[in-house]
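Chain IDs A, B, C, D and E follow the sequence of writing; residue 1 opens each chain.
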Amino acid sequence: MKSVMNLAADLKTAIGIGETTGPIGEQVLSSQGRLAALVVAGVLAVFAPVAQAFEPFWLNILTRMLVFALLALSLDFVFGYAGLLSFGHAAMFGAGGYAAALAIREVTTNALVVLPASMLVGVAVAAFIGWFSVRAKGIYFAMLTLAFAQMFYVIVFTDLPATVLDVETITGGDDGLFGIPLYEAIGIDFTSRLLYFYLTLVLVLVSFAVLVRVANSPFGRTMQGIRENEERMQFIGYDVQRYKLLAFSISGGFAGLAGGLYVPFQSVAQPGLLHWTISGELVVMLLLGGMGTLWGPMLGGALVIYLEERLAGFATWEIILGSVFVVVVIFAPRGLAGTLISIKNDPRNTITHVKQALRNYVEKVRG
Amino acid sequence: MIESLLRATLLGLQLGMTLALVAAGLTLIFGMMDVINFAHGALYMFGAYFGLLVGESLGSFWLALLLAPLIVGLIGAAIEILSLRPLYGRNPLYHILLTFGIAIMVQGIVVQIWGSQSRRIPAPDLLTGSVSFGPVTYPVYWLFVLVLSTVLIGTIWIAIERSDLGILMRASAHDTEMVDALGVDVKKVFTGVFVFGSVLAAVAGVLLGASRSVHPGMGFGVIIEAFVIVVIGGLGSFKGAIYAALLIGLVIAYGALIAPALTDLFIFTLMAAVLIVKPSGLFGATEAA
Amino acid sequence: LGGSEDTLTVGFVLPFTGVYSLLGESIVNGFEQYLDEQGGEIGGQEVETISRDTEADTNAGVSATRELLVESRSDVLVGPVSSAVATAMMQTVENESSAIWLNANAGDYRLVQDGCLPYHFRTSFNDWQTSAPLAPWVYENVADNVFLAYADYAFGQNSKRFFGEAFEEAGGEVVGEVGVPLGTDDFSPYLGEIENSGAEAVYSFFAGSDAVNYVTQFHEFGLDRTMTQTGSGFLLSEDTLPAQGQAALGKFSLLHYTPTDQSERNQEFAQSYADTHDTRPNVYACQGYDSAQAFAMAIEDAGSSDPDDLAGSLNGAEIDSPRGSFRFHPKTNDPVQNMYVREVVEGSDGPENRVVDTLEDIDLPTWGCSID
Amino acid sequence: MTQSYTTDPTDGDAEPILSTDDLTKKFGTLTAVDGVSLEIPADRITSIIGPNGAGKTTLFNLFTGKYEPTEGRIALRGDRIDGKEPHHLVERGLVRSFQINNFFADLTARENVRLATQAPYTGFRPRDFLAHHRDLDVATESANRILERVHLSNVADETASNLSYGQRRHLEIGISLAADPDLFLMDEPTAGMSPEETRETVELVEEIASDITLILIEHDMHIVMDISDQIVVMNEGMVLARGTPDQIRNDERVQRAYLGSE
Amino acid sequence: MSELTDVGGENDARPRSSSSRRLTVDSIETYYGDSHVLFDVSLSVGDGEIVALVGRNGAGKTTTLRSIMGLTPAKSGRIEKDGESIHGLDPHQVRKRGISWIPEERRVFGGLTVDENLRLAAHTADTDQRERIEEVYDRFSRLDERRTQKAGTMSGGEQQMLAIARALLGPETDLLLLDEPSEGLAPQIVKDVESIIRELNEEGVTVLLVEQNAEMALGLADRAYVLETGEIVHESSADELLADRSAMEQYLGVQ
């Protein structure tokens, strides 16, 4: 029980965040890391027209991967980095998505208007949920966020707003809102798949840069302190609840942005966006990618989407996906990020590490 | 109106007691081992499917009720020893990823073996038909489920309250290492508790598998409800889980009378309200242990 | 990959995992059975099939559709099962305009009303067909008043509305209704409401595990003694009957296909299906089979795989189906077909549907759509 | 029943910085703190002693806002503070230190302290989100000053978990000092320490006390008698006696209840 | 190397013969993860002795006890109880060999009542312990008064009593490992604890006592070891160490 009460506090020891990003005192994302991020973005940008020419479908997968990378990033900022175990991020994602759908339908397709609106709605929903939840700790916080997210889900699914306001439909109920067109902005028409991909890529990159920056700011440092030791931060003089609420809202904004990018791309906003399974899947992406590193979960998000996309044709894909999770958690507990870093730091000993992990496993099972 | 209320109350109690069977294991496993077991729903589903297998191949509901939980208990032991044991002492979040993975796998396995069609365990002839209390007709089998699960829960409750077992569980939740140093083989106890929880979930699976459909979505369907119960009751509290299960059972049953579409909204609002007022659930241990 | 000159590519956009996977598989089985009958070729061209899982999830469905159209360059889409997925697919199919779409199950009438897409052909049914035509029959043969119980989502709501309107139009009375959330396990509170209404009959729309739970509990709570259960065919279909067992006996439902139908065309189809799959075909298999027939007919008639040509050929065309021949409505591309009232009776191996009445010459609404 | 002596240390020129009035805290049926009325003189060291379970820690928890009093009032320089949240109290100059290991084990000593010195300089303005945390020079400078004060300058860049036991205690005190307190509460700062580290800590405590008010809970009588200006003896939630070390040493009831008759 | 001469020098302080040794720890090396904490630590406790293990903070005293209990198993070396190896056993198996551990900070089960704490400890015995529990209550009257109080709400001294009482129940105990029993206790209670340890020893329980309060520990003990950064640097009779002011100052910082 005790350890769940302060899950956040021992994230570091258990997950070895300290080892994946260096001690927490260090910079989130070294200059080397920045370079790597730019290179990845550059490669994607160059690859896109090639994909467009030969395998246009790749653009679809890539765009979806990017959107979920952004969503995983937004969650990692509060969950891995600030230690607030949100199990309700689907609410902000969905709210941003629905906001975009409604705005596009009723107001404008201008991305410069709609996307900020999605973000704002994400912030508002997060602030609402956060207001009631930040006082709870650990798993109870998780459960509160889950509860609120499910309430939003039911509200959208049953189209409660329409019933209350006595209009025919607002959220479209279980069907959702469909036929949502793509954006245009500053004279560019993003209905081309390639341009939409670039739009997404740029926004994901900018979001990443912003969140890395915030993580390294005094605010970010404070959040880390709260993750490590909330009570102590209080007695140092920080208004801990306010910081948590703010971090949660910031994260909600980016989740809302992800929703705003996703819905027009898919052309539908449907209640499933808010369902707890999305939140659950997000947590899986985080753990798989390597919590607290910001970039690891982005990889995790992209990978899970890729796997789902590619394995979906197999009858046994659930078994495969499930086994991947199980194997990762037992043998590579620090996720992709941790594994990549240990390979980078010590490429020659990779085999030894693998053997060691297997031996440890057998030993533990024997007891 | 009275009839509807009576019927809803009966359903709520029955639902509550069967949910309690699922939630009890979940809360005990969490309380002792710090494991947030997403695979618990999968074990419940396995219970139903093995019940189906035994029931159809041996033609006896009673054998199904006996054997399926045993099989699931073995599976539970395998899960605990092979996958959870290497993770103890690590952050409990890993258990979420692990058991989430297991739950997905189990769902895949069930579809592979049994397909995705809805099925039902044949209820025993002895318990078919219905009885009437005044204007209310109620199936005998449902009453049987109510009685049996109440008896089971009651027995377990008494056992936990009376015996050292309950003390042991609460102590392990608090300080596993110390319990070990007092001479208790905590590893065995952990395996035992996990198996026990699996067996209870499987019993619920078999019992309900004969009154509602058995299908591959049932595992994920029950798990959130069970979590809600465990959280409302207070993580790790057996007593809390039982009260909360009854509460949720009644909310579902009465909710169906008032606004069926909003039942989930009621449930989650209830949970949020409880947590806002009592941040560690109705009977949860507060931080000052 | 698909799309090359001398092969035809069929893209299945269907659920292969989750609760609807049986439906997806059956549709594929039906489709492939027809292909086998044709030696794997249509119009002299080889046929390649590609399956993408929709998991009955809208987003997955949209992605799958896009992948089949863009990456696999399918000449025809077959699917989906769920109307929500179909609704979400419309935009993509319209944007790409690269293939015709044989809707092998999704029955929501709004696909016609809102979409009215010339590429969209229903080889299955629409939700009006499986509800409204039953109403006058029930009024004449069963009861003067009914209670409506339905799964509370678009399809269920549409069905109960169509039935209710038609029933009142026929002169009957609707005494009450109750919407039940999808995935409900325990119907007893709703059954109480149904019983208390005192209606002579109930019309219900439930499917899958809901149908199993509803029908068995209807029986267990003794409602059979006082009222007659009727419903759309999915309430009592081949995939739910084994689990419903004795509880299903004596209940009436309406559908466009019944595997036990004695027509020669159907016996042939059913026999050859049973030979390969060891089981009787269900309605989904028939819909898959007819999708293949429709595709073959279009290719042969149009002589190309251009979607506009194919659509032109199919519009108004007639298909010789095991369910009895049907044709695509010239304004909506919905199937104009016979509907069968069936009753569940004890068969050679368990309860089965037996046709008790055939409703012919049903005039379909067009909901303002006018394709031609 | 409180024993007060004519030479009450609060009678002097010092204004009371903290005062309580009939302060009571109940846990269910148990009254942990029972009607305590106290005045803590400014710029002095006050020690609270008493048998285990007397209510000393509970009193601290009331002062620092961890618990709300069941009855009674607490005032800091005349302003009521009961029921205020900890961070408000810190802003008003009241801090507490913790048992060992209540710092940020993976940060360096400097970062640990800077986290605390940065608090008054950060808020919710844009640059608090976008500037680099190391660029907050004021915070770094005052962190360095504090490290100096607690004799940790030479290990400023060591990670806290690598510090020796005594150094950790110093760091812990340094973090609290970073908030620039007027009133500093310390609960058993030398518990479990070896004699040598106890001595170092006591020295540090005395140094700090030069310009702030200190309240100490301590079981080690040598230390208590040595450094306190005032001693408050608690028993069963109540104040049994209050006075200078000499007065307390000679008080019979204190002998009986706490020191054990020799 | 002056420390080493210390160790070898005091022959008369060595335990009498290996057959009467309750506990033998022979050159163990212990790690927490990668960090090496105990270096070649050897010590022994004779039947019926009270042996003190003293040293500065972080010297490794607690770790030594944890290694004996199997909580933090030693990587190498030998640990024997009554001539039989207990190295590599799990803590619960070690407990069944008659070794009881009273940890730093007591670690009573705060959420359980006093009675439940005791019942839990008694639970693993092969024999019926109801009478033993009553005996324990007779000895610790403070606990008797508080049978139904939650242990977490008791004061430090009472919790210490409970921790000792708990160690006496369950499988028969003949070796008690005590870790800083005086920490955080009021002076009077320290005296109570002292006399309990003495009584127990007179009843035949062998004691290995870890203390910061060197004066108390050495006053109680027959022999003493001094641990410094993971190594044994001194071994002698307790009185001798207590009398040797320079050693006291050098090793323990006592002035």
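The rule we apply is simple: contacts are C-beta pairs under 8 Å (C-beta built on N, C-alpha and C of every residue); 3 or more make two chains touch, one makes a residue touch a chain.
Being a predicted model, the structure only gives us computed values, none of them experimental.
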### Query
Out of curiosity, which chains are bumping into both chain A and chain C?
B
### Summary
When B-E and A-B are ranked by contacting C-beta pairs, first comes A-B
#### Entry: Intercentroid distance (Cα basis), chain C paired with chain B, Å
36
#### Entry: Rounded Å distance between chain B and chain D, as computed from the means of their C-alpha atoms
48
### Message
As a quick test, compute the distance in whole Å between the mean CA positions of chain C and chain E.
### Response
77
### Task
List the centre-to-centre spacing of chain A and chain D in whole Å, with centres computed as mean CA coordinates.
42
### Message
Using the touch definition from the top, which residues of chain A touch two or more other chains?
### Response
315, 317-318, 367
### Sequence positions of chain B contacting 2 or more other chains
108, 111, 173-175, 187, 261, 264, 285, 289
### Message
Residues touching two or more other chains, restricted to chain E: which are they?
### Response
90
#### Entry: All chain pairs that touch each other
A-B, A-C, A-D, B-C, B-E, D-E
### Task
In the complex, go through chain B and note every residue touching chain C.
3-4, 7-8, 10-11, 15, 108, 111, 115-120, 122, 130, 132, 137-139, 141-142, 208, 211-217, 221, 252-253, 256-257, 260-261, 263-264
### Task
Using the touch rule from the top, collect the residues of chain B that touch chain E in their complex.
164, 167-168, 170-171, 173-175, 177-187, 285, 288-289
### Query
What does chain D use to touch chain E in their complex?
27, 30, 49-54, 164-166, 188, 191-197, 199, 219, 221, 258-260
#### Entry: Residues on chain A engaged by chain B in the complex (per definition of touch)
1-5, 7, 10-11, 13-15, 85, 132, 135-137, 139-140, 143-144, 146-148, 150-151, 153-155, 158, 160, 276-277, 280, 283-284, 287-288, 291, 315-326, 328-330, 333, 360-361, 364-365, 367
### Message
Applying the document's contact rule, which stretches of chain A touch chain C when the two form their complex?
### Response
55-58, 60, 64, 173-176, 178-180, 266-268, 270, 272-273, 308-309, 312-313, 315, 317-318
